[in-house]
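Across the two complexes that follow, chain A remains constant while its partner is chain B and subsequently chain C.
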Partner chain A sequence: MNTDLVGQHVLDINHLTVEFRTVSGWSPAVRDLSLTIGRNEVFGLVGESGSGKSVSAMSILGLLPRRGTRIGGGHVRLGKTDLLGATSKQLDQVRGSRVGMIFQEPMTSLNPAYTIGEQIAESVRRHRGATRRQAWDRAVSLLSRVGIPTAARNAERYPHHFSGGMRQRAMIAMALACEPELLIADEPTTALDVTVQALILDLIAELRAESDMSVLLITHDLAVVSEVADRVGVMYAGELVEQASTADVFNAPQHPYTSGLLSSILALDSTREFAGIPGSVPSVDREFPGCRFADRCAFATDACTISPVALRRSAGRIHRCLRSDELVLEGAR
Partner chain B sequence: MLTFVLRRLGILLLTLGLVTVIGFLLIHITPGDPAVAAAGPDADQATIAATRVELGLDRPLVVQFWEYTTGLVRLDFGTSFDGGRPVLDAITDRLPATLSLVIASLLVALLISIPLGVGTAVHRGSIWDRIGVLLASLGVALPDFFVGLVLVLVLALQLGIFDATGYVPLFDDPIQWAYLLVLPALTLGTTVAAELTRHIRASVSDVLELDYVRTARSKGLGSTRVILKHASRNAAMPVVTVFGNQIARLLGGTVIVEQIFSIPGIGQLLVQSVFTRDIPMVLGIGIFIAMIVLLVNVLIDLSYGWLNPRVRA
Partner chain C sequence: MNPILNLERVTVEFVRQRAVGRPRQVLHAVNEVDLEIAPGEAVGLVGESGSGKSTVARAITGLNPVTSGAIGVDGNSVLRAKGKDLRMLRRRFQMVFQDPYSSLDPSMSIGSTLTESLTVHGLERGPAAVERAADMLLAVGLRSADLAKYPHEFSGGQRQRIAIARALMTDPDLIILDEAVSALDVSTRAQVLDLLQGLRRDRRLAYLFIGHDLAVVQRMSDRIAVMYLGRIVEVGPADDVIRNPQHPYTASLLASVPQVGSRGAERAAELRRRLHVRADPPDPWNPPSGCAFATRCPFVMEMCRAETPPAVEIASEAVSRCHLATDAGRGTESEARWDRAREFLAMPSPAS
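Right, the complex of A and B next:
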């Protein structure tokens, strides 16, 4: 981690642990997660479902259900604001204003009972104290900015009139309504057609370029990350296993899990044989004495299963693999 | 939208027709001779026969039915066997009392069920939720008349806070009107409140899990606004349906509650008319109540369009 950038971080997640209630008591779904996002940076957080990436994102804005989840430790700061210690009133001033969020399912993330324009405008009214007229005008111009045709007319329509791609554009307009410092995009393209995916990613990249907004992009798809992210964090079973610049992660991954993810996305357009990763992500209440990935790892040795592997740092990169020095892992070339 | 309304009205008329046929037949197959009742206790056979002819009961059932229904189309509900008063007049005379009771009961039901239902949904799993659910189950299980009798015993007879029975028209004395309605409205309203609470709780807690509620929270709207604006409108749909069914139940409940609290309403009139075998009155009240229930349900169908834009299309 580049320490002389401290102070310019928009988001600072430090030793965050989030726990879920399971039959065997409280189990960590996110363990000791630390990451920072700089001003105007796009940080891609990658992992399979169940790796804890969405849980991390939800906990930033306190959106996890109160029942059955709790923060086990650590802190999350947005600039100088402590988010985990914030009251719900303080959080409401951050949500939608300093941090905008878009979700995976554009089909269900908009309220069917209100017009698209109203759902954008209410955020402007709430945070900017704008009048109805001003807020509506802002909603229309935002819709037009995110590429909705005849925005003035479409603002008066309901979500069920919109296609998935249009809804996700509307969600983006809503998230950006108050010019947030940080945009959290939780699987923003997963539910969309491939052609629409690229357009939405382009839009996020454009919007980031024309402001000093930072982006936390959460996805299971490394291809998505490679298009827009500056840095990448890879999560596995609640832990960060690797973090580096996008180029480093793609060219020379230092964790076998990252390498496995890379090989599974590239199988379609390369001659290399599909490798993938055998097995699946362990459930949150499963305990491991050593490396949490060891039983799915082709390179695991006895040493890997003895004690937990701490994060290791070298040359601006972070990883959690005992054998990274001896292994030469395949990247994306 | 217009075709939707017209279709609903068509269904309403059809249902009303069926209610008339079934009601008419049911009354005529029940044992006992209305002419005997109308002629009085000491009447001899000749008087009874004369009364039968006078009331038109000697004619074939089909003819009687035809006369009755053609009258209905002109909003003529016939005349009472007991005194020859037009049935519709008798009903509209007593309508204000019943309407007062029904509206007051609905008010009680909504004032209890909305806060309780939403509150238990928001704090689901908490001790308050459990107490709320217990109360609602209790309210559903207890019959109207039992609740009524307990209320009268405790609040009226023991503590003397309320009068046990009676009714004063709204325009005679509004304060006394409201005061006298408290106990009957509580009696009739609690069961409806209990039923509504259960549905509101289920519906609101379902909606609170939905993605767009999370979106609303992520916009920093504050939990009150999230619940009142984003959750309630969508949660209202299934609740409104139940509400419609409860109207029918309320009108049925007035029969007993008007009896307990001696309120001169339609329910009381119905009970009297059954005892005197006043066929046109019983039938007229039945059809009149069916009409109200059906109309309320048409209004509820129309409210879906307002609640859910997808229905409007």
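Right, the complex of A and C next:
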């Protein structure tokens, strides 16, 4: 890692609220989210389905459908560019040239009618103004960089010829085509086998090491995050409930939800009971007078259910639990 | 005692012809698989996608035709049985699929979904069927009032409970669970796994537990079978397979599992350096000659590319299909490296 660059913010999300239209009116799916990602940093954003982690990522790039969703407030900056105030033309310029994206299902992002090489070259040409020949050469070298064998030949093949792991690597090659400042990876390995997942995680770590690129890694899998992320944010029901360095989150979580997630990871050769979190993530339109996790929390007291819990900051850590000072929560085992 | 399920040299082939005049190609999705499950036993089946593990499940339940081999349920051939006899056999094994959203008919109430399987098998009807459905909902932790509801009113975890209740309706001896908890969130997954373990204990159920999460499969199974490109390459007691794998492919799978904890990343890197497979799985339509894993195996020897390794009995009930386990593999440089890698893998994780 290039340490002298760490600390400059590439992405700065400030009090972001994203609302969905529901039967009861506009309901916040992301509530007052603030986080920053430094240059060359890997930030892991974790939560179960319905926590708002993907909605956050989609909203900062203007990828949410216009009908039924809206930005309720906040600012998002990529370097000096204000993303929420950007026109769709400006956002087009940002996506693919300054921010690369990879998603869980690469097939939905690859066009079945064009070869893999054409699609990557198109992206290079569009954002870098290269000639066809240069763009094609760059596409081939990118495919080779992400571990596609016989890249020159495979560049001429169509997405359906590729296995899931190869498609995901082709997606990464496309995302890297313009040397983005930030790579947003939304569940990049969820649909893949563990062997291929290991290859992709190694690849992300290598790519980060050989450039200034920052990574926002969104996943429900804490084990994945523990291997590659520098810092971790945990989201629950639309809110950030904890944020700290990866080691701190795993060794000494400060929010009961984080602790619950950690204890539900089952390690190989473990003999302990299956542990989960009772209940399920509430729907976006459900309002709670107090802590949104209180009704599932083993440590909740009456005080937790009276008024919303604000984020608390201490020693570089952030959490949203009233009782964190008195609780000693279990970390990863 | 008869095994509740017995697969003997089961082979499932898929055939394609890409254009008129071009040669017919054959894919061995399942290649001479032998597997026995005793009454009340849980057997885990692991492997990458494309390894054929789901095709095994679909062959047992009759969703995929079997090309050759024999499938016996409690000593009776499923492949030869017809009509009423086949129905009688079929109700003794049931299947639960991965996706609880597509496996339940959205237009049918939970009550109709559950009682339908009784009707299909010519079992109880009317009020007796409804009563049984209510009992099964209770058994999976739902309420009898849920009978009147529809799938969309339930969460993913609850739907999977309903799918399990449906599987229990015919009072089966064996349930095939094909990635049954893979689509669930971590916090609900634990609840469903607990339920499955309780049901197995209370009803003496046998499970064929198909999954890709090795830690979960280990906890749910008495024995584990590892599949690669249509063949079972290793089978043995669950804890032995995880702690001391006998096939390099099993070791590669284990080395790929992300490691949690403060020093997890370092250990993971070292494990992968020693054991991790380097390439993608081969094209199943065009499998390599010899051992199918040879193209990716870190310990590959010359003989591996030439000959298919035999199934070698390592210990009682433990079998590996690898040349390293044969006399021919002994004393080779690959074997020495493989032994060192296995020692490293067996070392306790440094985490916490």
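Quick note on the criterion: the second predicted complex is superposed on the first by the 318 of 333 C-alpha atoms of A that agree within 3 Å, B and C clash if a C-alpha of one lies under 4 Å from a C-alpha of the other, contacts with A are read in each partner's own complex, and residues count from 1 in each chain.
Going forward, a contact is a pair of C-beta atoms (placed from the backbone, for glycine too) under 8 Å apart; a residue touches a chain by one contact, two chains touch by 3 or more.
Everything quoted here is computed from the prediction, not taken from an experiment.
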Please determine, from the superposition on chain A, whether chain B and chain C clash or fit. fit
Touch check for A:Glu326: first (chain B), second (chain C), both, or neither? neither
Now for A:Ala113: first (chain B), second (chain C), both, or neither, which partner does it touch? first
Angle at chain A, chain B to chain C, CA centres, as a multiple of 10°? 80
Going by the contact rule set out at the top, does A:Glu210 touch chain B (first), chain C (second), both, or neither? neither
Winner by number of chain A residues touched, once chain B and chain C are compared: C
Determine, under the contact definition given at the top, whether A:Gly96 touches first (chain B), second (chain C), both, or neither. first
Have a look at where A:Ser123 lands relative to chain B and chain C in the superposition and call it first, second, both or neither. first
One more residue to check, A:Asp302. First (chain B), second (chain C), both or neither? neither
With both complexes overlaid on chain A, does A:Glu287 touch chain B (first), chain C (second), both or neither? neither
On the overlay, how many Å separate the closest CA atoms of chain B and chain C? 5
Dual-contact residues of chain A, meaning touching chain B and chain C, are none
Quick check: in the complex, which residue numbers of chain C touch chain A? 48-50, 155, 157, 185-191, 193-194, 197, 212-216, 218-219, 239, 242-243, 252-262, 264-265, 268, 272, 276-277, 279-281, 349, 351-352
The answer for chain A against chain B in the complex is residues 61, 63, 67, 88-89, 91-97, 100-101, 103, 105, 108-114, 122-123, 126-127, 158, 160, 171, 174
Residue set of chain A touching chain C in the complex reads 48-49, 149, 163-166, 193-199, 201-202, 220-224, 226-228, 247, 250-251, 260-262, 264-270, 273-278, 280-281, 331-333
In their shared complex, chain A is touched by residues of chain B numbered 124-125, 210-212, 214-223, 229-230, 233-234, 307-310, 313
